[in-house]
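In order of appearance the chains are A, B and C, and numbering begins at 1 in each one.
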Amino acid sequence: MAAATLARRIGRSGVLPLCCRLPAWDRAARPPPGPAQPPGLPLAPCRSFSNNKIQVELDESSGVAMMKFKSPPVNSLSLEFLTEFSISLEKLENNKACRGVIITSALPKIFSSGLDITEMCGKSIEHYTEFWRAVQEMWLRLYGSNMVTVAAVNGSSPAGGCLVALSCDYRIMAENPKFSIGLNEAQLGIVAPFWFKDTFVNVVGHRIAERSLQLGSLHPAPEALKLGLVDELVPEEKLMEKAAAVMAQWLALPDHARQLTKTMMRKAVLDRLVAHREEDIKNFISFVSKESIQKSLRMYMEMLKKRKS
Amino acid sequence: MAAATLARRIGRSGVLPLCCRLPAWDRAARPPPGPAQPPGLPLAPCRSFSNNKIQVELDESSGVAMMKFKSPPVNSLSLEFLTEFSISLEKLENNKACRGVIITSALPKIFSSGLDITEMCGKSIEHYTEFWRAVQEMWLRLYGSNMVTVAAVNGSSPAGGCLVALSCDYRIMAENPKFSIGLNEAQLGIVAPFWFKDTFVNVVGHRIAERSLQLGSLHPAPEALKLGLVDELVPEEKLMEKAAAVMAQWLALPDHARQLTKTMMRKAVLDRLVAHREEDIKNFISFVSKESIQKSLRMYMEMLKKRKS
Amino acid sequence: MAAATLARRIGRSGVLPLCCRLPAWDRAARPPPGPAQPPGLPLAPCRSFSNNKIQVELDESSGVAMMKFKSPPVNSLSLEFLTEFSISLEKLENNKACRGVIITSALPKIFSSGLDITEMCGKSIEHYTEFWRAVQEMWLRLYGSNMVTVAAVNGSSPAGGCLVALSCDYRIMAENPKFSIGLNEAQLGIVAPFWFKDTFVNVVGHRIAERSLQLGSLHPAPEALKLGLVDELVPEEKLMEKAAAVMAQWLALPDHARQLTKTMMRKAVLDRLVAHREEDIKNFISFVSKESIQKSLRMYMEMLKKRKS
């Protein structure tokens, strides 16, 4: 049912069914109005579920969920992380008590470091396929979410981390010039997929996207604000307060009209990936399977390891 | 002939004939060079025609028409208003003496309040159809006009009023922070149609449009300037003077090249509505026929009535 | 054949070998690392070739070519100039020692005056066809170049001159308010082709392009910076130094990822011309063949002649 809802929402015009790989418990019919709770328990105003890598807390009185990335050291988007992320989003999406989600990091200085490079190195074709599908899935859910999504970017956010922020409705960043954000894939010798690019262009426009993507730029927070990559900077200690205020402003609107408007703005770009999903997976596999790419990813990982130790 | 011209101009690629509903006097062959005047009358340098709701005055020496909305209390876009608007535009479009039109309001504090909600409330399917077609017609004529169109926004301009301004070539607004402008449909629980959105995106870009439409924002004049929603602010008493100066600047260009350039810029968006016109009408009807929407429109009207009294 | 080859290169989703139509000396197997030089000569770090109208100097140690327009009085884009330009670009493109090109003018005060009007006046259909194909060819090569392209705009740059700058990856302009840049075709009563427009929109966005193209605006350097038409202004004497620094920054990125990213950003617009190339030529011919256009071009040339003398 969840999958059907999502498919209807995203892919109205002749589109593949999405998310067929979701766990059974999520596809099962649930009592429509409230959350699926064991009978007999009192309704708590706050409901949290935490898995390994992401902590989610839903305040049912406000309808706002807080989603905190807590996968040390750098919240990298591993297969496991992405799967948890998609499942968490779907759970919230299908919970009528939830209208908005604030996404932030539980770790200091980093929002998310982006795709986990170990998932792209020395693995099987099957693994690459599963991994890339999980990246797509996460983005389709987040960019196409009916909920209000606010990114509270409390640390650096390169590559896939930047994509997560770009996919939200609003981006607030801690005004620390040491924190940077950007789609810096080109720096690593790899190319951001077309739907990363589409999402970026929708936020900053064609010219800024063209330059930033070619240079693989990581923009310090003040520059990110100037380019429109984030909507607002606030002192780090006020970040969550501000995120809550912005969320309240967005939730003041009637859901239905806001959701249809959001779909209207994002549908073309979502449809494009849905229509080319398998092709996009093939492209990723053929790219990542190249010895030259494997070599440069290995070198990059060596460098990261050395830096750590 | 007029209709054919417009159809050719707007809908080059496989497109419905537009404007077939125009009054016979407008479709009739007219003496090509000058305006259709009874013989014997001297040619006046200034020629005005006024209907119920819009006053039009053409200065044939400058080639500039002044179009003033005068439908109290708030210049709402009723079926009657829209029909007059389209007819006035077509009359000017087909008058070779007219090269540009300045659109403004004859009422204080309001440019136009947008679509007339009474036309959407408790009426028949036939009425909704006729009304929506008139909204489309007005936009196709205005956004696709060969004339230079300057909006002198001398008051607030929500929703459909904002669309009128967005469809012009240039927008000058009175620098009164109490005047606001925006596509605030979402605030009323309704959704701006895709071609309102396309027009908006063409002016302010994707990101600003996405946020503003989802929040149903009404932007005070200074903010509207900052977002690029209007091109210029001037003190209210200088608005018409400035509009005339801007018009003169645009009319300094050779018409033919300017018109072809305008068509090149706007054709894709115009074509999109022309190609989906009947579908768009169906969407409107199915939306407006919903009991939930009728209810929220009734509540909104009640609120307006109370505010007035 | 050149057109077809180029079309294949640009308009594909997987990547074909480049530029198979190259002169034999360029296609010949060459010793991979260095340039093809007669044996016995010492390897020069700098290799230059100069034709009539464009001087090209390649510094093989840095991989950067300097291309200087030197076709007095105003570097107008004649058939001969365009042919030389395309051939020079192709030679560099196929020279593995070349990774970037800086384009500037060897003449004072003018970057390029744009298309040579004498090529459009009183000539045969065959000539118009050949000329327009050469304009297209130049743009397809420059906008689609795999090299980093930096425009060092050291003088005014109207119409086609502006297109050359817009087609580069980065634009630096001398901060002289007497120098202006813009697609001012409308001022001459002609219309910029759709791919000039597409290139412009990709740089400055839809709204600025719409207004600037309709008014045929020539923007003084400071205004051009504000509109995003150029990326940076520097004092004229620092222009080349700055261009070299920007080039070094862009060349710090791995070529392959940067090139694929550039293709991803520009492909849609390049493909559009490739798909409509013959139609675009026909449009040009039918336009330029009109007596009214011929007349206005002749008048314009008379005016230029008078101004000179």
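By our rule, a contact is a pair of C-beta atoms (placed from the backbone, for glycine too) under 8 Å apart; a residue touches a chain by one contact, two chains touch by 3 or more.
Which protein is which chain? UniProt says A, B, C = Enoyl-CoA delta isomerase 1, mitochondrial.
The shown structure was predicted, so the numbers you read here are calculated from the model rather than taken from an experiment.
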Cα superposition angle of chain B on its copy chain C, in degrees to the nearest 5: 120
Interface residue overlap between copies chain A and chain C, same or different (over half shared): different
Centroid spacing, where centroids are CA-atom means, of chain A and chain C in whole angstrom: 39
Chain B residues counted as touching two or more neighbouring chains: 205
Residues on chain A engaged by chain B in the complex (per definition of touch): 169-170, 201-205, 228, 231, 249-250, 253-254, 256-258, 260-262, 264-266
Sites on chain B touched by chain A in the complex: 185-192, 194, 197, 205-207, 209-211, 213-216, 296
